[in-house]
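The structures come next, written out as structure tokens.
In what follows, chain A forms one complex with chain B and a second complex with chain C.
The block that comes next holds the complex of A and B.
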């Protein structure tokens, strides 16, 4: 079985940010993102300030910037949409390098690029410093309905089962003389997807019934010393508070 | 023009509209939690987790639809067939929340929009179509697969039009609406076909081997469910 419940974006380090409980980090990222999104798009200085804040958090969390930059490319499709906007937008137009660009479209492109990137980087920092199990515990402590945390817990358990079973089935096919080529894999995939689903379910059902037999009631046991301290809340409030300060300063200026 | 290959990011739709849809999503999910709790018995709880994991896995499968345009599966119909509309919407929402928090896929402030499109619209449309079609089509594995296919295509296109509506209400830049609507619909018909094939094969296999696991067939079952689980017909290799 796969070891632990790390996820691809988790960066195992030991830093002050990693040690913060998940719930305070979730709240901090949420508030920070809200501040970023409601900032008027023409306040360029404010966005530079937000970027500096995130860089400070990344340094505190010992997350290297190239690591962040590489993972932020998930945003690329929306950046491409942003590039199309100045050409497709309506209203007043300016000429730049011989191209006629819409002013509204240019602002729109900047808006999507700046807010999208800041949001993605903030989420990446949360993901890099939080394991999946901690995240679910954090959501549980934030009074997230138990149905959600229960589904999320099982989802986490089943993702490993699905990946492992898919690998086993592939090895089984290969050892029976199956020769996968690029497009030819599609057929085997289609045939095995239903079987994979059932195998994973039956495997997981046994685990679930074993958990129920051992007293599972829909909630994982919480580790002792559960709740976040006031200091931890204060530490994580630095990010959204600083962002809000920048936003207010930029708007009042 | 490149159409979203991921969920809606921050800053695509303005603050007030995002907020309004977040409130709508919270309300609708509260109803789902309330109605879903009755459904979530010992059999459905692990199933809901598996459906969520499955949707998570297939959503990572971005496939190229046209040059420069890729899309991913949504999974609302599959969830509605296997675990019912209430728990199904909760499954898709859970996937979206985890993707947003741990995989930076989809903006945190756009979560309400994404949940409305994919979890609420997608699952509701899928379930209504499935419930309607199952009255007409034979309730065999093949009939169920056909139902899953048709409902998937329709629900994916309806989900994509949810984005068009949100963009019309609060898009941060004015674009011509019919163009977006048609592009989104066109791309999502193709995505829907891919999704329909996966949902169809999965549902057909499950209903052939373990029909007791298919929520959409529950109403049509004549005999009460036996107390003991039937012997698994598939062979699971080794111990769990």
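The block that comes next holds the complex of A and C.
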């Protein structure tokens, strides 16, 4: 869709997945994540199945796997904790490469790592195939409280302007010989963060005035657009339905 | 005789800290007239502009738009006033807050309760008037400053205003964008009140000028006459660019657009 809200996680391609309305994709990712999270941690085959499903979606969306893998590294800080679990866990222990590891801890680490990765990759696929603007419109059509979608809309518009302001202020600081190397030189930076806040605040006032001048009475007009069709809902239901099928099969086996 | 487009009488205003901004302003604009509001920084120009659609109020005096008095307490009446008086603010980034150009242009008319095809028609018409149709789905942030200023004009035109009020329309524009904006403004069939420090731009676009200083109107007449009065300009901290000769410029202008200084009453 047009809009051109390029965010670093978006991959502009034309595919069946890109063309699906945002709201059906949001629901699909949410349900898929729920299925992944409630799957018992020892069902290794089920997790392999989920990964295969995501790979299929990525192929359909024409999102290259290396592209996904690179961006999935965002989860690393969160799974770091998992590395400690096998060492710190209690109960039965196994010895591997001279290290005494807790079996329960190993399962715990696997649980965090597998579920985290699947969730992150699913979200990345959503982000890669949906622009920011469509995500917000999708949330809006899913009856997400309008306060949230409005705040997100404003953020989408003014984030870049704020970043530009900050960049210009930084260049102006550097141009006057500011080159902070030590903590006690951070004052100018802190002051300019304050200045940036004031500028944002004052801009907020001016934006509001300009909105009032165009008849704003506290309610943004609801964006127009057709609702998703049953076919589109069915298409996007494939992912969570297949995942649920795998989960049920794994548990009943 | 038709009612004046704008009629301000005896307008006073003081900010909450007690500083007086307007000390009895009288201003009358006929339909179709283009007038410049000149004055130094702090003269009360912006304060006056914010009175025209009832955003600021509370002092003595009255504002009438197309014969209808601005009553800040009357919400329905105020909505109509805000349709009639379109204000284009100085910084387009303040005015353009929606994610795409078309959505922003639709914001004003949607507030007036316009929906569906009629809304789309308004957006198309306003964007065509400022020659920005090709950019309708773009992000405002990705447009040039001159383009954003034009979109800001379109956001107001979409409300089909009777009076277009522009705050410093030529500020930060390069000469080409400045000329393009002048052509657009000249083509619009509305009353225009242009707040500016840019005296050549006032001469180019507005046959009539009003000088505001310390909250009152100190001069009101043909732009060419006011700009030729060096003492008047000096007394109110207004200055022509170095080397600019208003009489010569007016002659040049007359050749392009017809006799300058003649009130264009439509």
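As a working rule, the second predicted complex is superposed on the first by the 217 of 253 C-alpha atoms of A that agree within 3 Å, B and C clash if a C-alpha of one lies under 4 Å from a C-alpha of the other, contacts with A are read in each partner's own complex, and residues count from 1 in each chain.
In this section, a contact is a pair of C-beta atoms (placed from the backbone, for glycine too) under 8 Å apart; a residue touches a chain by one contact, two chains touch by 3 or more.
Every value quoted in this text rests on a predicted model; they were computed, and no experiment measured them.
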{"item": "Partner chain in contact with A:200 - chain B first, chain C second, else both or neither", "value": "first"}
{"item": "First (chain B), second (chain C), both or neither touched by A:215", "value": "second"}
{"item": "Partner chain(s) touched by A:123 [first = chain B, second = chain C, both, neither]", "value": "first"}
{"item": "Comparison of chain B and chain C by chain A residues contacted", "value": "B"}
{"item": "Which superposed partner A:133 touches (first chain B, second chain C, both, neither)", "value": "second"}
{"item": "First (chain B), second (chain C), both or neither touched by A:157", "value": "both"}
{"item": "Chain A positions touched by chain B in one structure and by chain C in the second", "value": "132, 153-154, 156-158, 161, 203, 206-207, 209, 212"}
{"item": "Touching residues on chain B, where the partner in the complex is chain A", "value": "1-6, 9-12, 15, 18, 33, 36-37, 40, 42, 45-50, 52-54, 56-57, 70, 87, 90-91, 93-95, 97-98, 100-105, 107-109, 172-176, 197-198, 201-206, 209-210, 213, 229, 232, 234, 236-237, 240"}
{"item": "Residue numbers on chain A that touch chain C, as the complex places them", "value": "2-5, 132-133, 136, 153-154, 156-158, 160-161, 203, 206-207, 209-217, 220-221, 223-224"}
{"item": "List of chain A residues in touch with chain B within their complex", "value": "7-10, 26, 29-30, 33-34, 36-38, 41, 71-72, 74-75, 77-78, 80-81, 84-85, 88-91, 104-105, 107-109, 111-112, 114-116, 118-120, 122-124, 126-127, 130, 132, 135, 139, 145, 147-148, 150-159, 161-163, 168, 172, 190-191, 193-195, 197-209, 212, 218"}
{"item": "Chain C to chain A touching residues, read off their complex", "value": "50, 53, 55, 75, 79, 82-83, 85-87, 89, 91, 93-100, 103, 106-108, 110-112, 115-116, 119, 137-142, 155-156, 159"}
